[in-house]
Structure formats: structure tokens, C-alpha cells
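In what follows, chain A forms one complex with chain B and a second complex with chain C.
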Partner chain A sequence: MMEPPFEIEIPRGRVIEVQRDDSRVRRGGGLLRGMAVIWKHWKESFRLNRSYSQIHGTFTIQYPEEKPRIPEAYRNMPILLYDDETGHELCTSCFQCERICPPQVIHMTQAKDPATGKPVPAVAEFIIEYDACMSCGFCAEVCPFDAIKMDHEFELSTDDHAQLTVHKAQLNRPISYYASIAPTMWAEVRESALKKLQGNIRRRPDVIGIAPHLTERIAARRAELAAQAAAPSPAAEPASPPAPSAPTEARKLTPEEKAAKLAAIRAAKAAQAGDGVTPSAEGGTPAEAPPADDKAARLAAIRAANAAKKAAATDAAPAATGEPTTPTPADDKAARLAAIRAANAAKRKQAADSVDTEEGS
Partner chain B sequence: MLQTQELQVNIGPQHPSTHGVFRMLVTVDGETVVDLKPVFGYLHRNHEQIAEANTYLQNMPYTDRLDYFNSMANNHAYAMAVERLAGIEVPERAEYIRVLMVELTRILNHASAVGFMINDMGAWQTPLAFGMREREKILDLFEMASGARLMCNYFRFGGVARDLPPEFIPNLRELLVALPAYIDELERLLRDNEILLQRAVGIGILPREVALSYGVTGPVLRGSGIPYDVRKAEPYSVYDRFDFDIPIGKVGDVYDRFLVRIEEMRQSKRIIEQVLEQLPDAKGGHINPKARQNVRPPVGDAYARIESPKGELGFYLVSDGSGKPYRYKVRAPSFINLTPLADMCRGYKVADIVVILGSIDIVMGEVDR
Partner chain C sequence: MYDILQALINGTFGWGWPDWLIYLISSLVVVTIILVVAPLQMLFFTYYERRVIARMQDRIGPNRVGPEGIWQPIADGVKMFTKEDIVPEAADRIVHFLAPCVVVAPTILMFAVVPWGPGMTPVDLPTSLLFFFAVSSISAVGLMMAGWASNNKFSLLGAMRAVAQMVSYEIPAVLSLIAIVMIVGSLSINSIIEYQAGLLISNRDLPGIPDLGLGWFVFTPVGFVAFIAFFIAALAEGERTPFDIPEADSEIVAGYMTEYSGMKFGLFYLAQYVLNFLLCAITAILFFGGWQGPGVNWLYAQAITPTNPDGNGLFNVLAGALGVFYFLLKTYIFFFVMVWLRGAFPRLRIDQLMDFGWKFLIPLTLANLFSAAVWVAFTRWGAAEGMLITVGWSPVLRWLAAFIITLAINIGVYLWLTQVYAASQAERRRVELEELSATL
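This part shows the complex of A and B:
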């Protein structure tokens, strides 16, 4: 027997030497004790017992027939969410997930407005290489729009390697699906996610940002609504002043409503401009109207809203000093955007002018 | 007189007893080991170089893949290193959650390490299943909290990724009821087993001085009789608030390491109980809300070490002020504990090599990086 090595006082504990019992003579006793343990377990193994506080009984899950209980936080592969009602995807292609992805398996391209070629807050194509994804969950963690979430699906095996490069069409899941697999985690972010989505929908022209498999359906529905709205164009005149009120309602607009409103505005404009100027507006389908028209209508709407707001502000300013008017964020944002755009246009014009003068001199 | 000759034998790299891809070039004289040369690098995957190309946060999931049994412990060491580098405070509650996770990891690791060691002795599968059973339950808990069983990726700079879910604590309390019985049973199953005694007592002795000179840490060092534990020697996190003992061995053989691991599981269970007592009073949330995850630490370097289940795990980071580490170095306990393998094996039989290797408890993912 060796002496204990050192006697050390350690804070909040002792150094203990393990009991070896080398000297005890054994004639198979230890072996039998071990066998007794195994015997007990064998006897109990016919009983199903999934309690954490029990060490006996079997807790095997008969897998293909019986699915394992998956906790809410479980993360396997990333998926993209879209809104059930409107079909709009939550993703705005901000590239945060692409940047943070440790194995760099996320690739995306931003959607562009077909009319102006300017990027819009929507994603054109989104690819995740599932075969190289390490399921770390960073993409879901950084996503400011809660557009990318981790799925619970784990039966992903396939005999085709190419299938593991997953495109947006296969990544899309409705919000209701995610809410069903992770109810509390979705409840935490629901408010802000939907609010941000509504803000983004307003900046998305046409069907951009709508889940691909819903695009056609929603476009068809829009055309139908637009046709309905455009047909009685002179009669729609009394209803033409919705333009100022549009932004306040815009937060709750479904695409159908939006399309209808747009069509109404367009019809009103056409009516104002006179029948001779835009004969196609009545005869042709308004849904196929050139996007420039669409844009002009929207701009007009924004301008009208701004004017209305400005008027309201000037009206309210002298009176309501105690209770400042708090414009809804959406309103505010639209106004600011319009202001920024106007400033930019002015700047561009100035720059062009100065270039001209320089060239002239 | 019989003409004898030394023979060189390769064990591995593809060998079921080598815990991964690891080759031992053994010189044998009959059945007796004359010399042994460990050859590793078969699982090298450029971990440190990849880390220097990644941002600090992106490295967190890669640390999971070092010692894939103890991803929580690896996360902890790395998070501590970055927090030291960037000067990030960790709330009290987060510290308790961290300690809780790392101690659960220790139980999990030791249970399976004992199981694998017995498996290497030839007791195929049955004791291993005993070692793995409670591990499953602990992995369930990890899954609840972090979302993954093995590659937890749970720690963040300044805390942990998300707070414990409501079902975690009740399940953990249930598990704590089972743990003492489980550890006792595992000990009763194996401790006095005559076959195990034959294979373990007096085998693979690592003398105290040799262990010290190689820089061995963890249960292997404590098995050799040196009461060195980073949790006591340099208390990090909130380890100075817990009562726990340091078990040490007498001889430094395979049997001592086995007993030290069993005892450490009991001590870890004690720590978890104390964590559960103190957790409700802990201040702060699960993460420091001011901590930025895309850190850009000031120019400098930092070293953080923890007592990982396998030994002293350290991360050394050098920052050049950018968002990526300029140098990233892992002090991997498995690697350093493996280096005295030749000294431990010399003079024993070929069959003992496998047992000795099993008693060191290595994970090749950490050895080769």
C-alpha cells in the first residue's frame, strides 16, 4: 500500500483517494454481482419504462412505426417561411444568413423590379446545399425577419445527390407549419415578424416575393379582381378618393385587395384623363397594363398620401400641442421614403446640371 | 536455444479498438510490447486554419466537432477565450446554465468512456449499453435546451443561445433521482469483476513523474495520484461556489482511471444539485444583452482553459483587431494525454495496448483536429 500522495487543503472540497480493495480475495463473487445486475435488467426489459427517474425497463422507441418525441428547439435543416394568407415570403434577401453561414452553403439572389431594375426586398432564388449544411442554426438566429427557421424533418435520405441542393420552391413552408412544430418559439416572434412582413409587402411590386407555387394563383385572382374593378370605371368615380386613405389601410392589405385598389386608382385616373387618351385601359385587361403605369399609380398614391398627411400635420400642429400626432410607422416610413426619393432625384438632377455646365464651360 | 526476433506490427489506422483512425506502430517481442509509436493525423481536417478564416462566432459550431462527446465543454472553453479577448461580461444565470451543461457532459463522457474501455477489454456491447443508457437521457436534455444532441452549438459570447425550456428542469430533477442508482449499478456491474481486475489492475501504470513531465491532465493525471483539477486550481465561471471533491488514484493503472471516472460522475452529480439550488437566485438572463455576437476584439491575445471531461482544454486566441482570429490554437487534452502511450504500454502484452488506449479516453476528432 502506498501512502496518500499529498495532504492538500483545497477550498470547498477534499482530495479523496479511490478505494481499490486490492487485497480482498475474490472467487467469482464480483462476477456474480455483475451478473445479478444484468439479470435484473433482463427481467425488467420486458417492461416499457420511459421515466427519467427509473434505471430499469426499456425505453427503446420502435422507430419507423413510432416517431421520436422531438423538442421544440430541435433544429435540423433550414426552411423558408411564407405567409399563409397572402403567399408572401418573409425573406427580403438581406444576405445576413448567407454571410454568417459557417460552411457557406446558402446562396441567394435578390429580386429586382422588372420595370425599373431596382432591387426590391424579396428573394428571387434561394439555394441551400443541404448536403453540406452543419445544422448550426445560425441562419435562423440572425434572420431579422424570422424568414428562415429550422425544420424538424429528419428523414432526408435520398438516392439522388442533386436533390440535396435545395431550391426556394422546396424550401418554402407556410407559417402555419412552423407554428405547428414550434408553437412557443413562433409565438415569441410572431408580432414583429408579421409587422415587418407587411412593411416589406408594400415595397414589393406585382407578384414578386410570393411563393412560386402560389404566384399563378394569386396573379389570376388579381387579374380577376382588377377586371371587376375596371369594368364599371365611370361608376367607380365616387369611390376614387381612396388614395389618401390607402396607406393607413395598407398594413392589412392582402394582395387581392391591393390589386383591386390599384385597379381602382388606375381606373379613376383613366376616367380623369379622358376616354380618348387611354383607350386600352377599358378594353384591355388592366392586370397586363405596363408596369410603368402601375408604378405611376403607386407614386401618385404615395404623393397623395403625403399631401394629405402634410395637410393633416399643418392642421393639427397649432391645435394638438399636448398630444402630438403619432403617425403610424408605415405612414411615416412611406413619407420618409418619398422624401428621400425626391431628394435623390433632385440631387441627381443637380449633378446632371453641374456636369452639363462643366461641359459647357 | 530458440532463435527469436522482434516484429513490427501495425495496429490501425482502421481498427475497431483505436477509437477512430489512429495507427500504432508496435514493436513486439513475442507478445510483449518492446516499443510503440503512435501515428496520428489521419483525421486532420485543418480545424485551426479554418478557424482563422472564419469569424469568431462561426467557429462555435466547429468547436463542437473537436471532441464530439463533449461539445458543451468545447463551447465553454471557446466562449470563455473570446469573452476574455473582447472583455464580455457573462450574467450569473448564464454561468450556472453553462456549469450545469458541462457537468452533465462530464457524466455523459465518463459513462461512455467506461463503457468503451470495457468494450475494448472484450466485454462486447453489454457494458457499453449500460454506459450509453444514461447518456441517452442526458442527450435528450441537451436536445431540449440547445436543439441538437451532439453538435449542441449552445454557447454564445456572453451567455448561452436560449434560456432553458420549461420542461428542462423537471426532467433534470427526475434524472437526478436515477443518477446515483445508475452510477452505483455501473460500479457494481464492473468494479469487482474478476476479468476486469485481471485486465486492469497493474496494467498501464503511468508513474506520477512521467505523467507530469508529459503534461497529462484530467482523469489520467488524477488516476496517477496528482490532485490537479482546473476547477479547483483556477476556478473559472462559478465553480468556486460549489462543494465537490477531487478523486485521485493510488497506482496510476487502468483500474485507477476507471475508479476515478466513476467517482467524478458522483461529484458532477453533486455539482448539478448545487446548481439547481442556486439557479433560481442567479441574477441576469441567459445572455448578456449588450454582448455582440459578431465581435471585433481589440488587438491582443487570450487563453482560457477549462476542466473538460478529458482534461485541461484550452483555447488560445490572438486578435489583430479584425472580426476573425489571427491565430487560433487548441490545447486538446486527448492529444496530450495520448503522447505517453508508449511509456504506458512498454513491457505489457499486445492485448493490453487496447485496454490502455481505452483507459486514456481519447477522441480522434480532438487529437487530430
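This part shows the complex of A and C:
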């Protein structure tokens, strides 16, 4: 009895009666077949099944006792990596992750060179709000230095909400940890990541960029730096004015003091270059310099010197070198600004000079 | 129990206590045993069902509380007891409170007539089968009370469905039992069990064969069809999965139990599982010989019984233990089958349920009733009853003739009914689709 399939139009579409090819009366045989399937499942379920290509057997993993092997590309929450050997963090605080993060849960402050106040390719503080993180993994994907990666740790439940705002100290993991959870993924990026890190380490002064919990590593680096400073090579430090001050004393200075001192030195140098009294090493004999530039540079130098002097004057107890120990922040800032300006002006003048000399010859 | 106490107190100790006191004590002991055993069976069944269904779904099931999770039902019970008892504001408080009691009481009452082993019947009524099914119908009243008193549309819908389903499926259940009752000629559950002694064929029909306690009704064509029909009806009465329409979670929350919480909900649960146990037990008793099995009758023949007062008391214990073992084994196997069906089949629609009950099961059991009559005529009747064909036949020939004729009748009816039923269902689908197209 082959009838055409029943078919009608309804407002939302079409209703079609499915005619299964088996139109026999099964007399309960279908029920028995269904029961046979379940019987096989029951019988086979006493065997453990870890192969997902098999449909029979118990798949259950007794969770707290045994844990599933997590695939490499699994991602849960972001972590930061640091190098095992040097202790340096891979992060350079480029803000790429902070920018791309969809729920905006990544926050960071860039590290600054305490001596110059200039940003250093390292991160001072790094915060991820795990409670709002959506585990999208964009941060890990966008990171140009492979510093942020997705962790496999998923047991994060806590009764303390504040604990889910995770700081750098808790985010830091050694590279070896990441290499153990995602070996092939790390092998792909290892070379470029370490190369970039070496480049960045060179631009990191003092102990900036070393994971803070690696105290012995930091101490070792400090000792290394101290040794370098104690045996000053003339090539390394051509300008000797700060050298007379004992290295121990120099290290005791706060960053602000250092900045002020450096500003004063720079300003003095710039002024010298601008005056043309002492010939600069690279400039040769100063030809007729453009007066405007010259004047500006000189003005800046004077200003810087004044600022430095003022900073020194405000101090009640001058140190042996005559440097302020506790400058007021405003003065300090002014001095630094002046120094920068002076340096810029000097540079500009030098550039002009070199152009002039080239034209002259 | 009365016999044991009578023998122990007045016989062994010679205290000479009055009869009424012994009756009272024995009744109290029996009631205590039943009230302890019934909830324990329920606790075990919940655990058993969860483990079995888990295995069928490639899982392990509860395995944390105690070894292999054996204390899980206790933990569930503690949870039930500590839950808040909420009665809806609009509910009829008295009826709402009474409904769980009305549902539980009959299921406990039904235990009174269930024989656990040889000579281990709490109350040996001559009409115990009638009592069993009459009492089991009372719980429908409790379900209706629960649904009505909750003042909730889901509850009422569930209760309506439950009552409709129970009333519909009691008919095929009882019709399939009548076939057995016709063959045995008694409404007493104990005599039905005793009838199933022997080996495949009851030794009443074929004297002289060894008594292995295997003369179960399920081995005869009449008994087999009755068993299938009864078990399907039992599924519907116990609200087990292809027929769990009254508490279809996906449609009406939990049916009549929607507005119950805490221990009242627990009582419904208890009633349901105790009822399932009893339905499995009665299936085992009626079609699989209850406590009958190899060795039980031989042991019991040497025990202290009213007919054999000089027996050895040790054999009472042995026969009882073996009988209870067989009985519980069969019961648990049937519950396994119930869980198996739950794992295999989806829920029926209410109209499919009604169709199947009224249009398929009832005709089938009616035809089976006719087969049972033929069976009785061939094996039992003689010239005095007007059965002239079999006069002079040997018992084996009579039995064979009865077996073949009833088998032919039952298979024929089954094939014809399935054909007709499938055709009617197809026709019905067709009409429904045409109605749909006509309305558009």
C-alpha cells in the first residue's frame, strides 16, 4: 500500500508525514530491539571505557580522586610567565591585553626606571579580576611577548570574593610550568619569546622585571650590579662627577634624589655644550651656532641648575656630596622636567651643528 | 506466627497462656515486621533503581555515601525529614494532610497477604488475591485527594491522569488474573503458589514427576500471555516509565505531588516504591511461583507444620530462608525489568495509553480468559462436566492437547490484534492529519 506522503501547507511552513520505509507491523519486536540496546549498555557498563570512540562502557571519571587529562589548548584563566633562569617576567606592559580584554578585567602599571623616570619594558603591577574574566583567551592570543597564557587550573572556588582579584604575585608562573601543561604550544613560540625577553632584559635597569618572589635571584642581581658599580670602567662612565660619591651611598639614594642628581648633571653638560667652552666629544669645534637654539639651551640649563639648587637649598641636612636627601616632590618634578628640556635642546643644537659642519666642509 | 508462638509458649515452656494473648502478641510481632520491612524495601529499591539505571546510561550511580553508596537512601531519608513542610495557602489543609496517609496505608495493608516463604504468610485469607487488588485501588482515592486539595492545576491534572490510568489498567490486570484463578480454582494466594509446584507441568496434571517447584504458570501459553498483560498493567498501576504520565516532570512538574514537600512528599515516594515492590512481588507469586523453587518443598516437608507436627524446627528455618531467597530474587529481577523498561522507552501520550489499555490489552486478556477455560476443560473436566472428547485420554495427552490448543488460540489472537491495532493507529494518525489540514 504505497500512498503518496501526506503533505499540507500551514502558515509557518509545510507539514510532511514522514513515511518510514519499514511499514510492517512489528508486534512488539521494536520494543524488544530497544530493550536489547539497553541490555548491551548495562552489560558493558561494568567495563571502564576511556576511549571516546567506543559507545559502551562507563565513562565516569571519579572526579576528586582522578582528574581528566586536560587538552593542551584548554583555557581557563590567564596567568603571567617568568623565565626560570633569569627570573625575568616576560611581560613588558605593552597594554595589548588590557586593550583587547572584552570584560576589561586586566589592569596594569608600567614599571619606571627610578633613575630617569622613564618607562621600562617591564610591569610593576598586574591585576586580573578572575571573577569577571570570561576566559576568552584574547589576552593570550594578542600578547606579542607570549607573557600571558591561559592556565589549566579550574578549581578556583572560594568563599572570599576579594581573593578573585588576582595580583601579579599570584599570577606569576615559571615558563617550565606552562611548558609542562602545554608542551607543543610552548615549543612553537619558545624561541621568539625568549629572544624578545633577552632584548627586554637589556633595557631593564636595576632589578626591575624580576619576579618579586624570587628574592635570592633579586639579591644575586643586586650583588652583580654592586660589583659592576664598585669597579667602574672608564668606558662605562665617562662623566665622572657622580663617581666620587661612594657606590654604597649612591645606592642608598631614593629614586627622586637620583633623578634630581642626574638632571643636574645633564643640565650642566647641556649648558657646556651650548656654551662651546668645552668641546663636546662628538661635535668637534662648534661653528657659528644658531643663536636661538643656543640661547634656549642655555636658558634651559640655567633653569635646570636653579631647580636643582633650589631642591638642594630646601633640604635641611645636606649630604656630603651636597645632594638633597628628601626633596619635595614638586621641586623634583620641576628639576626633572628642566633636565629633559635641557637635554632636548642640547640634542637639537648638536644636530644643527653637525648639519652645519657638513654643509661647511 | 500464631502457630510458632503457640508451640513455643504453651508447648515448649508449658506456660499455658490464653489464646487471645498469643493472638495479640503474634499480631503485634507481624505488624512490627511489616512496618519495618516495607520502608526498608523502599529504601533498597531507590538505591537499586538508581544504580541500575545509571549502569544502563553508562554511569556509575550513587557511590559516595558508604561502600558503593549503600547508605545513599538513608542520607535521602535524613534530607526528607529535615526539609520544610509547606502547605499552599489556597490548599484544603485537612485533605492535603490526609492524602499521603490515604496513599500509604493501602500499600502497607497489601503486605498483609503476601507470602514470603512456605508458611510465612502474615494473614492467610481465603480471598487474599481479591483483598490485594481491592486494597490497591484505594490509593487512587488518595491521589485524587492530593491533586484536588493542592489547588494547583498541575496537581489536579496529574491526579486526573493517575486515576484515569489506574482505573483503566486495573481491568486488564484483573482479567489476566482471572485466567489464573480459573485454573487454580481459588482466590487464595497461598493455594496459587502451591499449585505451581512440580516440574514445568504442574504435578496435579501429571502425577509422579519430581517436585522441583518449577510448575510456574509462565510456562503455559495462558500463563505467559497473562503474565505479559499483567506486567504491562502493573507498570501502569505503579506509574513506571512508559506509563509515568501522572507525574510527567516535563509536562506537569510532578503531578499530584507538586505541592508536597518534606516528609509528605517522602510518603508519596514511599507509597510508590512499596507499591512497585508489591506489584513485582505479586507478579513473581502469580506467574513465577513465588517462593517455589528447587528444594523448598522438600525442606518444608520435613519441617514442623500443622500437618506434620513431629518435624524438625531446623527445616522450618532452612525452608523459610530458601523460600524468601527465591521470592526476593524473583521480585528484584522484576524490578530490574521495570528499570530496564524505564531505561529503554519514552513516555506514552495519555491517548496512546488509553488506546493501548482499552483496545489492545483488554481484548487480549479476554481472549486469554477463553484459553484458560479451554485449558481447564481439557485438563480437568471429564464426562461428568460434558467434556466427552477427552474421555479415556491419558493425563499427558490431555495436557499436550490443552497446551497446543491454547497456544494456537493465543498466538492467533495476538497476531490478529496487533494487526488490527496497528491499522487502527495508522488510520487514526491519518484522520488527525486530515483534520489538521481541514482546520487550516
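One rule holds in what follows: the second predicted complex is superposed on the first by the 184 of 361 C-alpha atoms of A that agree within 3 Å, B and C clash if a C-alpha of one lies under 4 Å from a C-alpha of the other, contacts with A are read in each partner's own complex, and residues count from 1 in each chain.
As a working rule, a contact is a pair of C-beta atoms (placed from the backbone, for glycine too) under 8 Å apart; a residue touches a chain by one contact, two chains touch by 3 or more.
Because the structure is a prediction, the values reported are computed rather than measured.
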First (chain B), second (chain C), both or neither touched by A:57: second
Partner chain in contact with A:136 - chain B first, chain C second, else both or neither: first
First (chain B), second (chain C), both or neither touched by A:17: both
Contacts of A:45 with chain B and chain C, given as first, second, both or neither: second
Contacts of A:144 with chain B and chain C, given as first, second, both or neither: neither
Which of chain B and chain C A:28 touches, first, second, both or neither: both
Which of chain B and chain C A:183 touches, first, second, both or neither: neither
Comparing the two partners chain B and chain C, which touches a greater set of residues in chain A: B
Touching both chain C and chain B, counted on chain A across the two superposed complexes: 6, 8, 10-11, 15, 17, 28, 31, 34, 37-38, 59
Contact set on chain A toward chain B in their complex: 1-2, 5-6, 8, 10-22, 26, 28-31, 33-34, 37-38, 51-55, 59, 70-75, 100, 102, 134-138, 141, 150
Interface residues, chain C side, partner chain A - complex: 52, 55-60, 340-341, 343-345, 414-415, 418-419, 422, 429-430, 433, 436-437, 440
Of all residues in chain A, those that touch chain C in their complex: 6, 8-11, 15, 17, 25, 27-28, 31, 34-35, 37-39, 41-42, 45-46, 49, 56-60, 62
Touching residues on chain B, where the partner in the complex is chain A: 54-55, 57-62, 126, 133-134, 136-137, 140, 143-148, 151, 153, 161-162, 165, 167, 171, 174-175, 177-178, 181-182, 185, 188-197, 201, 208, 225-227, 232, 235, 240-251, 255-256, 259-260, 263
